[in-house]
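The next block holds one structure in the form of structure tokens; read it before the comments.
The first chain written gets the first letter, and so on, giving A, B, C and D; residue counts start at 1 in each chain.
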């Protein structure tokens, strides 16, 4: 599959959108406009964009705590995602959920999740429902290397395989779970290799390369959809930023970071676009469009009102 | 001579509710360990597999946390899972999904989803099952926002409330009781449901209110009969719903009798009885003519030995002693 | 001019307790996520890894249930694990091991083993962490037989009680609070421990008793100051121990003032306050001059939005309103 | 390793002891003298006896709900095990624990466990302690095929491998978890194959053959002890009895059962002893010794007194 250059450029723009979105968030944090904490995916944009570009818009997405990329890659409105982070009424969840608990059913986005490994059974359940309903949509569950050590990973993958559920498990292995290097957390640090314990097929791909993700994602999704079987895809990634706000990253060297910076997915993507004949002008324009859209989003979100006390305390039951 | 009405076991009532709801709505499915041919550890789902097959009765691996989470995900997508946790003691394994997913999702995802999930599980001791198979863990769940919790004590209530629970759009924990399964009662003819948020006055009285739920409600009724001859007229209120508590019925009874004894099978400390007592102490203090008393299990694990078990569980004598103290206050 | 005593952060007090106990007893070790070089999500264990190394500070994979269970096994074998659960919200994942192992083993294995385990975890909301990172889940643990539960509110208490908890032969859940970490206080010179089962009268008064724990105790103290000028003299009792509850101190205070307000950060329904109220309603009814009131978090998840969060958490205004109602009753 | 015939005969006697112990329990159930429920290991005696014969007496044992075999194979007093089941004060846990919660620290038996999968982290913790204490004892954790689907299996094996803990995981795969055939519960029904997901070595053996268990257990324990590495040993077993009291075994055919009955470990063991030159007289005598000892045990246990109310409610805290 060779997507045409315009498509690729639009993916690049989406990746930039995510990057700039989070850089804007960092600004807002710094200026005290944003509370709580949140987890940036700077460096992992190709994984989110490539994978969801390979999916149908009606496939269901379950994400984890590091979900901005997934949300924006799925096409949610950056202004409303930002409003959610800022706790405003116009946010996707009215300010109740925030970064780690954001959902948009109309976008087939079943939610980010603050409990590491908590989304894995939920996504498996979504796949269960899709099969039950004879849908040809599939479920896509994003999680990290760290989450693969939760019992839910084991239990869920086992059930998905037993019952042949149409679910794609996407492990973004960014080498760390918070401060924990994957080799010190996973006795088998090749997460994909764990799939065999469930009689499940698996593959690995370079999460820093948009094209590789696109291709691996397309193949994996085709298998899941056609065979109605689960699949585990491990994407090798790196987050350039800290785990969350205020992470001084004592657990890794600046040297490692700058080496990885060289392989940044946005850089790689730009080179790839250039190679495919897209001019640096077109690339700069895409970047500029993304920048503008984030500026607008932030402006809009910052002036959105908050919900009220009744809203905060009510609505617990359906 | 009037026709004798058929008596059904509590377990049959639950089974009928499941059967009828499976038949009524094809989004309903059952999920749990050994619930198929085996019929579940207490035979409650017996016969349903033969009728509804593999699609609607899903037997799971022993993975409580994730099959509960799977049910949550399926419920978000519009299905109506009825999960069985074989013994209530194992609910702790699934607690994260109840606390951080099921109870919260509707709220935190701003009503975009609901979680119409029922989790059935038998609590309570039944003679020698021991520390990990005998607990009434109602208080573990109380106070998890977004959950409804019910604990019916008769076949009629069990059937009507389970059907209502399955149709409810919220996660409902449906507490059964191993000791109740073999108890019998009549069932109304035809289709019916019962509300999930109403207590039931099992027997009106004027001297002392006994408030209880699950198997202990039957014990309270029996105690009422036993002391009638002494001239004491007990009012027996069955909570049925533990979350939300039917404050109106509770307060009405307390205002009538002025004396309250709360009886439950859970450990005393932090039990449902504590919340009931606290509500009364806030809203009906003026009506109280005696301290609010509680009889419950000791704050100890439940020993395996049949002989020892009874010392830890609330005994009739404990209840009688408390009643006497309330009368004489 | 008197010498100024050094003020320590609550987090430093916890750190000192860990440090001293690690140094004192080589059976003590720490277990948890990111507690090494990173120092834990709130920096509480900072510096300890450098001092005690890999043998004594074990950084775990994200596997709350099993690393808690592993600690239980190690404790049975004579070690003294101090487990950190990064946010109290995640304790649900480890609940089976707390409920069905840690709390029961000493009893059910007939005193052949003990489980000298400490589980440290920060509860409470701290401005925008959202529904899965803000809960005070004290009531989830209350009523699990065999556990001790403490929730100190000052650096001095935190240090003394953590040292005592580590030396205690029972499983102790040590509830910290994200909002308390940056609060400061003096620490006694030299070695000390504090009892695990005593409440502390933070400030005597005669009109109304405020009963609280963890961060809300400080709020209650501040409220006391704020209303002093109106002529109201509040008594502030800090529970410190949630299990067992120090009934003697609670009852003494209630008998003194006759008016009680219980304040906590957990959801109101089924909270620790319910048990405290129930105990008072059973044992001190005669001394009550007004209904027992509770101010707590709403029975709702805690929203992420900083603006919304405050509506769900107990606010000063709620407390003041309740105090006024009690005064005017 | 070829154990001498006398040793083998003593193992046979131990196996008989377990079989007869449970047959006596069945009698007691039938006559209403025994309450609650309990899980027999009829058919799996060779696994318990062979494995614990291969272990040192000071290795620590963690068992599950199906623990009578493990308890008796470890050499606990049958009278006190039976007293525990009967809820008497002289039982190993004073009647508090019963079948599923029985422990004997002096026998280095860390306890049976009523929560499926609940003992796996506990045994892993015991191994952690042994390593911490520089002990040359190891921990042995028994569990079933069904338990291998709990999150604790995954989480614990991962930690054991990461930290090189001296623990032998023994999975008695008796083909069913309650009524659930292993193929419908485990997407990878070869449990041993799951070890690879944790970079852990594993082996399989015929749990019906005392000699195979002895040999596989000896080898595995040697590896664990010498390498200070965890190991997963899968023993293929069959329980001839129901899962617990009152199990009509609707989930399998009488045909399958009688085929498996032919392979009963006691029969196999008798044949093996005969082949090794032990006379049928010696075998019969061993059986008789076991029978007598169970008769005595039952008599003793049945007259033992119960503890009192203070004992039932007290002793919660150390």
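Criterion: contacts are C-beta pairs under 8 Å (C-beta built on N, C-alpha and C of every residue); 3 or more make two chains touch, one makes a residue touch a chain.
Because the structure is a prediction, the values reported are computed rather than measured.
S.K.: Go through the assembly and pull out the chains touching chain B as well as chain D.
M.R.: A, C
S.K.: Would you mind checking which chain's C-alpha centre is most distant from the centre of chain A?
M.R.: Result for the farthest chain: D.
S.K.: As a quick test, compute the distance in whole Å between the mean CA positions of chain A and chain C.
M.R.: That gives a centre separation of 36 Å.
S.K.: In angstrom, rounded to a whole number, how far apart do the mean CA points of chain B and chain C lie?
M.R.: Taking the average C-alpha coordinate of chain B and of chain C, the gap between them is 30 Å.
S.K.: Could you give the separation in Å between the centres of chain A and chain B, each centre being the mean of its C-alpha atoms?
M.R.: Going by mean C-alpha positions, chain A sits 41 Å from chain B.
S.K.: Report, in whole Å, the distance between the mean C-alpha point of chain A and the mean C-alpha point of chain D.
M.R.: Whole-Å distance between the two chain centres: 46.
S.K.: Touching at least two other chains at once: which residues of chain A meet that condition?
M.R.: Chain A, residues with two or more chain partners: 96-97, 101, 113-115, 118, 149-152, 155, 158, 162, 184-186, 315-316.
S.K.: Hunt down the residues of chain C that sit against at least two other chains at once, touch-wise.
M.R.: 61, 63, 65-66, 89-90, 93, 96, 100, 104, 107-108, 130-132, 145-146, 299-301, 303-304
S.K.: Graph shape for the chains shown, where an edge means the two chains touch. Line, ring, star, complete, or other?
M.R.: Here the contact pattern is complete, since every chain touches every other one.
S.K.: State the interface residues of chain D toward chain C in the complex, per the touch definition above.
M.R.: It comes out as residues 60, 62, 92-94, 96-97, 101-105, 110-111, 113-115, 118, 120-130, 132-133, 151-152, 155-156, 158-159, 162-163, 315-318.
S.K.: For chain C, which residues are in contact with chain A within the complex?
M.R.: Against chain A, chain C makes touches at 33-34, 36-38, 41, 59, 61-63, 65-66, 89-90, 93, 127-133, 298-301, 303-309, 311-312.
S.K.: Over in the complex, which chain D residues touch chain B? Could you list them?
M.R.: 34-37, 84, 86-88, 91, 95-101, 113-118, 146-147, 149-151, 177-180, 184-186, 250-251, 306-309, 311-314, 316
S.K.: So in the complex, the part of chain D that touches chain A is made up of which residues?
M.R.: It comes out as residues 149-155, 157-159, 161-162, 184-188, 193-194, 196-200.
S.K.: Please give the residue numbers of chain B that touch chain A in the complex, ascending.
M.R.: 29, 55, 58, 60-61, 63, 65-79, 96-97, 100-101, 104-116, 145-146, 148, 169-170
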